[in-house]
Amino acid sequence: MVLKRFFTKKLKKSLSGFKSSNIALIGACIILFFAVIALFAPVIAPYDPYETNLEETYQAPSRSHLFGTDHVGRDIFSRVIYGTRIAFGITLLVVAIELVISVPLALISTYIGGVFDEVVMRIMDVIISIPHLLLAIVIVALMGPGMRNAIIAISISYMPMLARLVRSVSLSIKEEPYIEACHVLGFGSPRIVFSHILPNIVSVIIVQLSLDLGYALIDMASLSFLGLGVQPPRASWGAMLSLGKTYLLHSPWMTIFPGICIALLVFGFNLFGIGLGDILNPRSRK
Amino acid sequence: MNTTLQINKLCANFYLGKKIIRAVDNVDLRIDEGETIGLAGESGCGKSTLARAIMRLVPPPGKIDSGEILFREKDLLNLTENELMTIRGRDLSLIFQDPSTYLNPTVPIGRQICDVVTAHFSDSYKEAQNKVIKLLGDLGIPEPVHRFNNYPHEMSGGMKQRVLIAMAVCCNPGLIIADEPTTALDVTIQRQILELIKKNVMHRGSSLLFITHDLSILAEICDRIYTMYAGRVVETGRAKDFFLSPLHPYTKKLLQAIPRHDVKKPLVEIPGSPPQLDNLPQGCSFYPRCEKRSDICLTAFPEPREIEPDHWVWCYNV
Amino acid sequence: MNLIIGCGVIMSEPILSIKNIKKHFLHTKNILSRIIYGTKWVRAVDGVTLDIQPREVLALVGESGCGKTTLAKLILGILQATSGNITIHGKDLNEYGKDLSGKCQLIFQQGRASLNPRKTIGALLKEAMLVNTITSSRGIEQAVDEVMEMVDLDTEFKNRYPHELSGGQAQRVVIARALSLKPSLLIADEPTSALDVSIQARILNLLIRLQKNLNLTMLYITHNLGSVRQIADKVAVMYLGKIVEICGTEEIFEYPMHPYSEALFAAIPIPDPMIERKIIVLKGETPSPIDLPSGCPFHPRCLYEKDVCRSKVPELTQITSGHWISCHFPLNWSK
């Protein structure tokens, strides 16, 4: 309802704003590039990523295998392409969970204040004080390895940062004259929080989420690298790195290509997030 | 009578991307020795930029593009930065509007004033300190010896403004520019500061350029007054002539718009909206809001005409 | 002299009635400062009593820190009083709940800053009216148009955002929004202080016109004393959380009886170089509301203070019909 209308308006404004930031444009292009690959993976990938071929193991990049093959003869190019799907799927899920839980929690907590606010914030402080990769490792270790648990673990470790950000921004907005005006006009708390405070912090949230996409990818790849995330034989870039490290000296292509993809996509997310910050903030600061 | 300050055809513009904002547009101004001159106008008319231009402190993207600023016969626009540094604070000083933001919060106020003295004179710190303590007393700060060591946040608005005034007068400058010095203060404190300025600033022999949007204040202290609109001077005259028989339609309306507590009279509005400085009309910039307007006003900005002695107006229809 | 509360001979019931309202804020908030400094209170509003009759405009004047904005917030229910009570239309403030917004509205000082920068003018006006069920969603467009016309705003501004409006236009939106709820009492808190002189006159004239046409009851809070004479029927002067004088407008400017009122009005500069001015310069500065002076709060700065002023707090008393004063030695008594 209000949210839907609001998002379409925001989208239109953002699209026009892209003209002003080259950084955002480049970032968006990179992301779009990978997104298209993810979408059309079955069409683009020449081979089945799980199909092994023991006669063509450790092959260097060639015309038939653009990125070479791994230790069991699987085509790395196809695996990298399918890895794009996992990369996107995971990062988007992490960010979605973060968004859905942290933002309302922080907003409500700020608005109610008092003991509830104190308790929630202290819990967040505890979580934030643990380095988040470590926290994710601990959670996965407790819950068991696997993609689902890795996603949950990373989301939990990211929640406090977003919550604190939302909280600090909404605290400053709470004091603004137009919020006081809402009280005088007889608006109820839910309306003030969601219809007045939230739109003014959306730009901050969007920027943070864009950056978090990049961080989530790195953390996910790290977990997979450690064997705690995506499990083989699934083709995730992190798992491929983990696998490839043993053969680094004679088959470096097993690690180089997934590595480049991770770096490139994270770069794309970062550029997009930073550029978005440039677009959304100075304009709204009139 | 010596002339302390003579400004001729000064132009200062702000360059914002494609837009050029003519903040000060061909302004002439004269201040004689010992005179108190008022400069009146609303926000955006260019009076603050003019004050900064005289000190050659116009911040970028602003720039002084042409004209002369003759301070005691020397053109300030031709001096080097080093030469200007010896003049600023010593012969030419500025009292700012908001004392809270123009005082260093980490340095005691006495020290801040002493720094001005020791920067321009060869006094030792102790000699400067004694001078400053006496000055603080003259300016009505109680317990000056004790207050010398106060930090700005330990003082009220009125006290801080006195500190700024102290910094401006401590070197007995030839010209003091006061940029809205009482706007941020309460009415009774404003009265205190105005009386202070009358006693301690005006009668020391310095000239004073008092800039404000509150014309009522100027009626009390000024010898002559200038009005500015959209970067240009539109009228200037001696205080009595200016207030009792204003000539320019803008000045007239501005005076009538001031609500008076001593008489009951209806408030006169000025139609239209304040000018947009990057999009000024051709000719006289007051044209859209003027009740005396005519076709000739659109041709070019009017030349000054002296209607009575020392009373000049920039208008075709007077 | 006895304390007489209520406005004497007037027959109708006052719209707003404030009885001995106090608002004290705790200054020493944590235990450590309480041990060191003792419990200190900021006495922002320290016993205010006043009434506003229907269709009356009462100007509340005073300098910064006197408590006038705090008083406005108490009337609007934004702050809870420490003691005393406020009634609107005879009903206690606390009994109103959400309905208060329909009875009592505020024109903010900050103008544009009191409008959500992310919403269009039309959206802001619609929301205010819909939430307060002034009109159904069918009649809303017309209602918005009507209220914008009332404040001389072109209806094409409906799709603009606050930052696209000038100061004067934004202030008119604020006025429109407040009036669209058809309040019984309108509080205007420094409605023109953020505007240029040429625009101030326009907004003030608009308020005067609206007050007459809509028979509004208004509490006009300002430090711009000149504007008071044009718009207000009565003036209440406030100092350090207390009312020191209440009187009809004409009377108070000609014959102020409280030394503070006298100094306040004498301090205003007049745009006429030939007029003879009575210069009154008060000693010192306004004390902090944390450490109020003993006796009469004004005595340290008063030019006429005597011994009794230092020890005994003067009560707000009716000295002549419609003229209340809180002073042991009122000026101009024999007029």
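Note that the chains are named A, B and C in the order they appear, and that numbering of residues resets to 1 at the start of each chain.
The rule is simple: a residue touches a chain if its C-beta (ideal position, glycine included) is under 8 Å from a C-beta of that chain, and two chains touch if they have at least 3 such contacts.
Fair warning: this is a prediction, and the values are worked out from it, not measured in the lab.
Using CA-based centroids throughout, the chain positioned farthest away from subunit B is A. The greater number of contacting C-beta pairs, out of the two interfaces B-C and A-C, is seen for B-C.
The chain occupying the central position, as judged from C-alpha centroids, is C.
Centre-to-centre separation between subunit A and subunit B, using Cα means, comes to 56 Å. Per-chain CA centroids place subunit B at a distance of 33 Å from subunit C. A separation of 52 Å divides the Cα centre of subunit A from that of subunit C.
For subunit C in complex with subunit A, the residues that touch the partner chain are 76, 78, 98-102, 105-106, 108, 110, 113-119, 127-128, 131-132, 163, 174, 177, 181.
On the subunit B side of its complex with subunit C, the touching residues are 42-43, 142, 156, 158-159, 186-192, 194-195, 213-220, 239-240, 243-244, 253-255, 257-270, 273-274.
Listing the residues of subunit A that touch subunit C in their complex gives 176-178, 180-181, 183-188, 191, 195-196, 199-200, 284, 286. Those residues of subunit C that touch subunit B in the complex are listed here as 63-64, 166, 168, 196-202, 204-205, 223-230, 250, 253, 263-275, 277, 279-282, 284-286.
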